[in-house]
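Per-chain numbering from 1; labels A, B, C and D assigned in written order.
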Amino acid sequence: MALLEVKNLSIAFGGLRAVDGFDISIEKGQLYGLIGPNGAGKTTIFNLLTGVYKPNDGIINLDGKNIAGMRTIDINKAGVARTFQNIRLFKAMTVLDNVKVALQNEYRYSALTGICRLPKYFKMEKKMNERAEELLKVFDLDGQKDIMASNLPYGKQRKLEIARALATNPKMLLLDEPAAGMNPNETQELMDTIRFVRDTFDMTILLIEHDMKLVSGICEQLTVLNFGKVLAQGETSVVLKNPEVITAYLGE
Amino acid sequence: MKRILGLILVLVMAMSVVAGCGGSGNDTETTGSSTASDKFYIGGIGPITGAAAIYGQGVKNGAQIAVDEINAAGGINGYQIEYKFEDDEHDAEKAVNAYNTLKDWGMQILMGTVTSTPCMAVSAKTAEDNMFQVTPSGSSPDVIVGDNTFQICFSDPNQGIASADYIAENALATKVAVIYDSSDVYSSGIYEKFASQAESKGIEIVAAEAFTADNKSDFSVQIQKAKDAGAELVFLPIYYTEATLILKQANSIGYKPLFFGCDGLDGILGVENFDTSLAEGVMLLTPFAADATDKLTQDFVATYKENYGEVPNQFAADAYDAIYTIKAAIEKSGATPDMSVSELGDALKGAMPEIAVVGLTGKGAEMTWAATGEVSKKPMAVTIKNGVYTAN
Amino acid sequence: MKKKIGMNKSTYNNMITLGIVVAAYIIIQILISTGSVSSLMEGLLVPLCVYVILAISLNLTVGILGELSLGHAGFMCVGAFASAFFSRLTEDLITATYLRFLIALIIGAVCAAIFGIIIAVPVLRLKGDYLAITTLAFGEIIKNVVNVMYVGKDSTGIHFSMKNAMDLNLKEGGDVIIKGAQGITGTPTDSNFTIGIILVLVTMIVVMNIIKSSTGRAITSIRDNRIAAESIGINITKYKVITFAISAAFAGVAGVLYSHNLSTLTATPKNFGYNMSILILVFVVLGGMGNIRGSMIAAIVLTLIPEYLRFMQDYRMLHKRKGAE
Amino acid sequence: MSFISYLVNGISLGSVYAIIALGYTMVYGIAKMLNFAHGDVIMIGGYVTFMIMSTMGLSPWLGIVAAVVVCTLLGVVIEKIAYKPLRGASPLAVLITAIGVSYFLQNIALLIFGANTKSFTSVVSIPDLVLADGQLTISGETIVTIIASVIIMIAMTLFIKKTKTGRAMNAVSEDKGAAQLMGINVNKTISITFAIGSGLAAIAGILLVSSYPALTPYTGAMPGIKAFVAAVFGGIGSVPGAMIGGILLGVIENLSKAYISSQLADAIVFAVLIIVLLVKPTGILGKEIREKV
């Protein structure tokens, strides 16, 4: 069975059907791409998958459990983590704390434990630190763990966001335009990182991207979205040759 | 770093304000060294900024006139008075700060505070220090719990009781409405005693409507309810600022009952630009009327007008009397400035029950004090006729 | 090599802040014992502790959580009245001053925290200025209700009325403890500078410990980016409620200190109205958002300046404005 | 009959709130700041009219014009000196500055005019309306206040919809950056908004002290806060919202005084506000702004 199975997902804002009858099926461990022109509804789909918006219709099965309409935090606990198109780091927190805050559902202790500094606090903090540093190392951020997130260079901020998402121990990772604003070198590096993440964490990844080099370089499967509807779906190389897709992208 | 810079900036600015205004500082405040023992150091506390400023400024100025007169006439037993007034913004905490500031200045006797709530807080402190305290206008009975504190004004319960008695004895009305300030100690204090006394005197309170410090401009509802309840008399245990509004609004709906107030209403005719015809027929129990014809009052009012450009209110008169009361107590006890605060306190509080003072607020009669601190003077009912207070 | 969790920069900073407080306490105690502290300063010591606690506790809501609260004085009011009521009620029953004060402290803090939780509920739905006005409204409601509350005790128990003292129908010898606008008088003055400093230290340590725990990280993450915080499983509701409750509890503690410092307690616009809330906010903003030491310094400096500028009475309010700019 | 009286008086009080709230709302819409000093501009307006009418003995009309002129200038000057340097600073810093300006105005008035209450002579000279055999009297001030608020509200709506300046104000409130790119002088537009808001405050001030003729340096503070509540109530940033919010507030206040408790009227007003915001978090007519994710 597929890890993520979406059927007939729809949402309308006012009269506009932003997403209309969207279906997708992603297998565990897959690297899946979601592309489409601006305004096609890609980010809206991410928002539906993560509970930021509640769908008007449709089913979202994650590992056999319908998560459609659930709250964001519960969807995260069910195993979906994401990054954002416009980076949303906790800017006034350190790099390390950005990751630690995502770890706290796993290494849980009460507010009172924290205030009173009970032994459990030290134990959990130690574990959290170790785990967070391990994650930062993967993204080559461990050298900058004590600086403010806002002081990281752009490319590293993107990476930190991915690290933070991974810290919640998800089954599936949604990346919203991870290469936006990166130069070709950084993009190349990012592609390696994404692959690495998939391989090391055995992660399922769905990503939105405009950079066709990245898409064709790492995505195994592809869905093309246009005006809220699926235009084409299938293996990357096949889909990219689809004349309809080319028209949608390049215009008549 | 930015933060520290910011704080330094605040300090610098504060200092620059001081520098800028230092020259124009208030000349009524004199600073003196606390070591001199040839003068009595009398401090005053009251609100001279904030919403209650009108009362504090009256007290500050009224006492100043008394002090100037006494000093010009050779002082008390030959000792001059040093007088200093501090602001409390009508706040208990600020009043205690003001009290401590005055102690640092060398205060030996306190004339204050003006309003009841701060006065209770300060009274607790003067009791600790056994400092002799005369409050011109702190009228709550809780003000004088310490044996070192004496009132010049009537206490709130007394005013409430006296008002009910007066209304009953003169058969002014049987159906009475009350409009009072439920957020004010003075007003609610009078109201409570009035209500219980009225009951025992067979006066029916048909409407008891409140307002609060935050909601005191629109009285249409309270007036309408009094009118609907058929009240023949509306009792106003409040200050005159609100009373001017009530009179105006009652007039505009054509409601013309008898209005009856306490000393808080005194001063209503002095409100700048107030249409005094609205106050025609208003009765009030007050110890002071600015247009009384006795020489003492006339001289005081003239001096006050000359110095401060306004007609003095009852608070100014209370303060004036407070200073003269202190003088009388000192003369009686033979106290001298070289005594310690506590010695002075013992001497003066011992003298208080033995003195009698004729002042502005005694209506020609003598004021005397019980050892508890409560004043005994006859309340006087006046009616406003043709724009002046007329004694009944 | 330093310990993993230990003396990093912020811990070091916190230690300095606590050190300043302890040092200030020792210096002032020495000065008092040598008689070189003015009466004004001595009288200001407890109020200063009150304001410092208020500023630090509000900083938790405004600086760390990032929500504008204009009702902090309302929590202080709840704490002050609840505790003063208790102390007046049990003045004769519990004669051990410190025990009575400790219980009063807990009562004040808990009552204020309960109100904090009640207020946090609408807060969850509102943002920005709408939230600010709601907190202001709550503060004003508290003040307004306290002003018409009459509570008395007699041999039959405790009586309550929203009308007036007669309505309590007390038996002979009954005692009206809360007298509407006249508030509570005769509260035992149980608080002193030492207690004040201990409470300041407790407040600081609790707030510092929260900030450096997972709760604090969660709260900060909500401030920095609510949507991202949700996306990593942070329960916004829970943490907002926790923050408001803790912040209110300490405002309540400040209220307890305040009400047991003066023998009279009334709720006026001056001490528990929105003006006071705004004053506390000014401490927080001038001291720096989220900066505990800054809050402390701002509270002290801005309380002392007007007192030391008393000689220029009429011009006093003007510089407050300059300070704000 | 009493009910109608309560209602009419409530509408009258509410109309004053509405005009003040209009100033709040316009300034908020454009500068995105709560101008806490707005209530004190009202007080200044009252004093200016008082000076002209009672101290100098000139015509009420002159008093009104002078108050509007002085307050308009005052509004512009406050904006230039206190708020403009802070554009782009944190909203909290601006809020606190506004509170500072409020204290400043109150204390300036205290220094100039003193603490004593001044009784304001009503500028309204039309007679009271006596209905139902004298059981119901509606004062001239009430009539004028209600009419004035309706006229002002219609005029402001038309101004914002139809004139170039009005549309510029709308544009600036939607998106400052984009408006600038479109060639709108943002600074000038903000100045004009402050000018109009403060001019309205002057009128509100005169109406307020005509109906409730006790003038002190603190006269404007509480109506200012109430109007702020009214603006939020109606949905801050919305002109009709301010009107609805103001009038509702006045009516609720008076009816709760009449039928529930005169002591708790403020608590009730604030409680209703909270309930309304719970149901509709952006006020009655406020636009919900969806955060883009």
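As a working rule, contacts are C-beta pairs under 8 Å (C-beta built on N, C-alpha and C of every residue); 3 or more make two chains touch, one makes a residue touch a chain.
Here is each chain with its UniProt name: B = Branched-chain amino acid transport system substrate-binding protein; D = Branched-chain amino acid transport system permease protein.
What you are looking at is a predicted structure, and each value in this text was computed from that prediction instead of being measured.
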| item | value |
| --- | --- |
| Most central chain, judged by mean C-alpha position against the global CA mean | C |
| Most heavily contacting chain pair (counted by C-beta pairs in contact) | B-C |
| Longest centre-to-centre distance from subunit B, chain (CA-based) | A |
| Computed distance of Cα centres, subunit C from subunit B, in Å | 32 |
| Inter-centroid spacing, subunit B versus subunit A (mean Cα positions, whole Å) | 71 |
| Inter-chain centre distance, subunit A versus subunit D - centres from mean C-alpha coordinates, in Å | 48 |
| Per-residue multi-chain contacts in subunit A, two or more chains | 52, 84 |
| Overlap residues in subunit D, where contacts from two or more other chains coincide | 107, 110, 261, 263, 266, 293 |
| Where subunit C touches two or more other chains, by residue | 140, 144, 147-148, 227, 286, 314, 317-318, 322-323 |
| Complex contacts: residues of subunit D adjacent to subunit C | 28, 34, 82, 92-93, 95-97, 99-101, 103-104, 106-107, 110-111, 225, 228-229, 232, 236, 261, 263-264, 266-267, 270-271, 273-274, 277-278, 281-283, 291, 293 |
| Of all residues in subunit B, those that touch subunit C in their complex | 2-3, 6-7, 10-11, 13-14, 17-18, 21-22, 25-26, 29, 31, 48-51, 86-87, 89-93, 96-101, 103-104, 117, 120-121, 123-125, 140, 142, 145, 181-185, 187-189, 191-192, 195-196, 208, 210, 212-214 |
| Complex interface listing, subunit A residues touching subunit C | 50, 52, 71-73, 76-77, 81-82, 84, 88-93, 97, 100-102, 104-105, 107-109, 111, 113-117, 121-122, 124-126, 128-129, 146, 164-165, 167-168 |
| Parts of subunit C lying in touch with subunit A, wherever the complex brings them together | 4-5, 8-9, 206, 209-210, 212-218, 220-221, 223-225, 227-236, 242, 290 |
| Touching residues on subunit C, where the partner in the complex is subunit B | 38-44, 47, 140, 144, 147-148, 164-166, 179-183, 185-186, 189, 258, 261-266, 268-271, 273, 286-288, 291, 294, 297-298, 301-302, 305, 307, 309-319, 322-323 |
